[in-house]
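First subunit A sits with subunit B, and in the next complex the same chain sits with subunit C.
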Partner chain A sequence: MNLPRLIVSASPHLGGPVSTPTIMWNVVGSLLPIVAASVWFFGPSALAVLAAATAGALVPERLFGRRGAPGDGSAVITGLLLGLTLPPGLPLWMAFLGGAFGIVFGKLVFGGLGQNVFNPALLGRAFLQAAFPVALTTWPVPGQDAAALLSTNLTAPLMSVDLADTITSATPLGLMKFEGTLTDVPALLFGTTGGCLGETSALLILICGGYLALRRFLDWRIPVSIFATVAVLATALHLVDGERYPGALFMLFSGGLVLGAMYMATDMVTSPSTRRGAWIFGAGIGVLVVVIRLWGGLAEGVMYAILLMNALVPFIDRITRPRVFGTVPTVPAEARP
Partner chain B sequence: MFAGLTFRHGVHPPEHKELTAGIPIRRMPFPEEIVLPLSQHAGKPARPLVAPGDRVERGDLLAAFDGWISSPVHASAAGTVTAVDLAPHPDGSFSPAIHIAVERWSAQTPRERLVPEWEDLSPEEIVEAVRHAGVVGLGGAAFPTHVKLARPPDAEIDVVILNGCECEPYLTTDHRTMVEYPDRVWSGLRIMMRCLGVARALVGIERNKPDAIAALEERRPRDLDVSILPLTVKYPQGAEKMLIKAVLGREVPVGKLPLHCGVVVQNVASVATIAEVFETGLPLIERIMTVTGKGVRSPGNLIVPVGTRIRDVLDACGGLTEGAREIVLGGPMMGAAQPNLDAPVLKGTTGIVALTADEVRRRASHPCIRCGSCLDACPVFLDPQLLGRLAKAQRWDEMDGQHLGVCMLCGCCSYVCPSNIPLSQMFGMAKKALRSQRSTA
Partner chain C sequence: MGDLLWIFVSAAVVNNFTLALFLGLCPFMGVSGRVATALRMGLANIFVLTITSLCAWALNTYVLEHAPYLRLISFIVVIASLVQITEMAIKKLSPALFDALGIFLPLITTNCAILGLAIFQTNRGYGLFEGLAFALGAGAGLTLALVLMASIRESSELADVPDMARGTSLVLIIAGSLSLAFMGFAGLLSST
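So, the complex of A and B:
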């Protein structure tokens, strides 16, 4: 018999259909409609900020990461997600710095993909928020003069921003918190409010994230648990004092909750691996979001809520590990000798 | 649950059983040479009784069992013993084996044997007869069958479970046995129940074999308390512990055997072999196996003399195609890839699967992204993610503490891992390391 060259490998000899790059690039693909929407609302400035943040994530990943690491798509996700949490008109050097910080201090120092404790995109944003509080909380209104926004984008490194020509507004959450006015829910759903790039159209994000959940590239339990917790808490508080506390719909669809719940909290690396753990993790985020938004010093709490719960993931995983088969005998009494 | 009985977790690999499920069993011609390793079963290897130059008839005893958990080896064809020395073994090693040059023009008529009617035998005598016939489990692990037939001194058995799941992709050995030899299955079960003094039996069959279920149901003896349970199609449904969980809801305690929860499980092909021994008087010298995969020209279900070289079995099926890349003995989930096609098939060989390049898993490995797929797949609820990290650091003792002993190396974790981390391979290595640690300690 004429023999072909044979392969000898360990069992199992068949492999499942899903690979890690498949998951990562699908996440990237599902983000593209959201990217397109942000460009629709804010013009070329949105594209510039997203590109700068992604470049900031990719450069250190390429320089200091595993060989071929940028190819797995995870750094692109970090860059895009960070970009989507930034205001349009942000100086590009800041966006780049945020991406680089997220990858270096949020991922590479822990040992690269899979080893990090905190979501790198959120860590990058937390860094930017601490370093440049003014630039990070200046929210241009959607649909304004593209040229004016672009000019603030191009602020030279280490220079502060000149906002004379841009029309800014507070975010819906800022309006609620500091001025006591509520934005209509339809405006939140379709994204005609002020805010950062990807936080504006809740509906679109739900659809894109829903696609990932259907293909099982994200654990649906986490966003469901977050939304349910926020809805229940918000409704309860609204019933207690309808003047002071907004209703569930406003809480769900304002700010970064939808983006955070669908895309940031579900980062596989920084969320629990067990099913029960996913429920607990989501509920914890939901509680923290409500607490920070309503009683904290900040208008928005999603970022810190997720980062805080990230830190608890190893603990959650440990307490929710399932019972190993056969460790507690469940032999019916009549079968025992 | 309308989807059928089952266990929790597990995976759904593509089945590919359509290649051979409808093909009747046929007998392959005798090869020119037979190689019979002395170790074809779990337990101590057999002791050789023949020397080069000896003339043997088909069915003659060549090597005797050595102790209780051991099994004899018989000649699967008439011929002359040419050597008793090392030969390639399907486990990858070279191990002692008896070589027989098969007599080409022999009628292959076995010596006349007087087989007692089993109805007239005591359970002890039946166990002894099965032991001398060299019958072992045909499901893959090749555990000596007489050990399972003997009444355990320390446990009460209340139910016998026949395993007709055949959850490994590609294989249709048990499937065809049930379709073509239902009477043997029932008669073997009757012998088992008599030996063990058990009044109740259950047969677990995955739902993808409706013809097997129908064939068995049609011939089901009405005087036995036995029912056929259709099970959900899911891997590893045929693993002993998973099957017991699915049909009885009982969980075998860690470190214990099925008989400690009142159960004996036996594969349908092994049970049919018990009946065959009493029917024909021949010991276990041939078995049914599936030769399949896109890498084989004409796949089929064959009766193969034990000890036939893999090469000769493949030739009997038209040989390999151009695309064949990996030859697996057993199913593709737990079977072993063969580097040497001169190795013989054994009593426990359920099939030969020739996989093509596009089926063979050859993806790059990526870091673990903690997706948790392995936790959702593990049928015994281990944390393969954690065990994998420990294995990488060679922290064997900690793995032991994380119940590595419960792992049956079914491969579900490796199958689902998107990062293609060879988890079950690492766990196999860890088990080996722990075993050698214990034996030297």
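So, the complex of A and C:
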């Protein structure tokens, strides 16, 4: 007798063409134009900082992570995103340390990809900001002598940074906050302003993020809700006191808001899993960004806003938990018809 | 009014007792396993902090004027005994409230956050209402930190945490990350 062969396996039995590495490498690919732009604006030291941060993320992932973990591309994303939030003249050992801290304490201690609470890139950035506040807020001007920037890049670990040959300037947000001058919106869109590697050209980041949104590799609700919240709040405040509060376009395109909204807030692991949750999450980030930028002691609040909302994600998931299919929501007795 | 609001916000988020000043870490580590428990712990904290603020204000104003060297010991004794008496009264008068807060009240009377509040309040020379705003803010901040920590811990309960990072060490790492995130509030409202 010839019985058909039965294969017993656990579900799921159907696999889609899109796997985690597919998504991750697509994100890496969409970051490449932004990387290219940062190299265009800041010269070879941009590439050096990005490479150091990525190496910092990859080394612990390879050493302590699951077997083959670096191959899924998520650590490369962490490294690139961290590098894009750093100033171009940063000593390379700091960039490396930030990447390693983000991966080890942001991801590996939670058990690796998919289980972390905080965005590893932002955690690494927050750590660097707390440990080296001066180095992290020294912003070289784009398009200057590459050799001067590279020499600050190559500062030996734990040595003080020599900034004698570097031309620095405040970021547009710093100028707004501490000197009360606004930068023109076109300059913000095309990126000819001081700032970290990835916060220069807002337009390019919007295009690259838009590609990911079209391919559904990021939840468009999150950036839309962040931009809408910031725009509404900034417009309302601008109407109340136009002297003190800048308009919506400046708030949207300055600083790291576009990069944060497109690439960091939308990290699939650390954002809410429900649609309603995504709207709440984005709105919370928008409110916190406006509050920290306008009333806080820091010029830029996108990183902290996203980290704080990351911490709230388990809570958001809990309150937006959908009804279990086939069950009836329990209605209080007096509300029944 | 704006002053009281500033004191409240400052104590709740900017100088959050747990995440910025690292006070009250024992309940933060110990009772943050479940959101429901953490919330009750937070409420008990608000309650005790409010009593503390009242006690400290009354002691400073009426009793300790000429004997400031007795401050520390009298704070501890008066606060602890008053909380004990309140606990007994609640047990008798409102069993439901006792069930919600009861077991936590005696646990936190000797907490550093409680004594910290009394000492901060004295050093900054807060009056009655300023002290109450400070206590409510500190309590709200503690509750916020506890609930955040508990929801994160619940969500990473099933995570594949490496052996060396299990238990308290993971809690400490999460606490450090939360603390880094709360640094974003540094200097909030201070310019206005």
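Here is the rule we go by: the second predicted complex is superposed on the first by the 314 of 337 C-alpha atoms of A that agree within 3 Å, B and C clash if a C-alpha of one lies under 4 Å from a C-alpha of the other, contacts with A are read in each partner's own complex, and residues count from 1 in each chain.
FYI, a contact is a pair of C-beta atoms (placed from the backbone, for glycine too) under 8 Å apart; a residue touches a chain by one contact, two chains touch by 3 or more.
The model shown is predicted, which means the values in this text are computed figures rather than measured ones.
Within the superposed three-chain model, A:F105 lies in touch with subunit C and out of touch with subunit B [touch as defined at top]. In the superposition on chain A, contact of A:F127 is made with subunit C only, not with subunit B. Touch criterion met: A:A311 reaches subunit C, while subunit B stays clear of it. In the superposition on chain A, A:V18 contacts subunit B only, with no contact to subunit C.
In the superposition on chain A, contact of A:R323 is made with subunit B only, not with subunit C. Once chain A of one complex is fitted onto chain A of the other, the partner contacts of A:W295 are limited to subunit C, with no touch recorded for subunit B. Applying the stated contact rule after C-alpha superposition, one finds that A:Q115 touches each of subunit B and subunit C. Set against each other, subunit B and subunit C differ in how many residues of subunit A they touch, and the higher count belongs to B.
By the touch criterion stated above, A:S273 is placed in contact with subunit B alone, subunit C being left untouched. Of the residues of subunit A, those at positions 112, 115 touch subunit B in one of the two structures and subunit C in the other.
Subunit C meets subunit A in the complex at residues 35, 147-148, 151-152, 154-156, 159-162, 165, 169-170, 173-174, 176-178, 180-192. Against subunit C, the residues of subunit A that register as touching in their complex are 64, 105-106, 108-112, 115, 117-118, 123, 126-127, 129-130, 288, 291-292, 295-298, 301, 303-305, 307-308, 310-315, 317-318.
Against subunit A, in their complex, subunit B makes its touches with residues 11, 13-14, 154-156, 158, 169, 241, 245, 250-254, 256, 260-262, 311, 314-315, 319-320, 322-328, 332-339, 341, 353, 355, 359-363, 366-373, 375-376, 379-383, 385, 403, 406, 409, 411, 414-420, 422, 424-425, 428.
Those residues of subunit A lying in contact with subunit B across their complex are 1, 3-16, 18-23, 66, 72, 74, 112-115, 219, 268-269, 271-275, 321-327, 329-332, 334-337.
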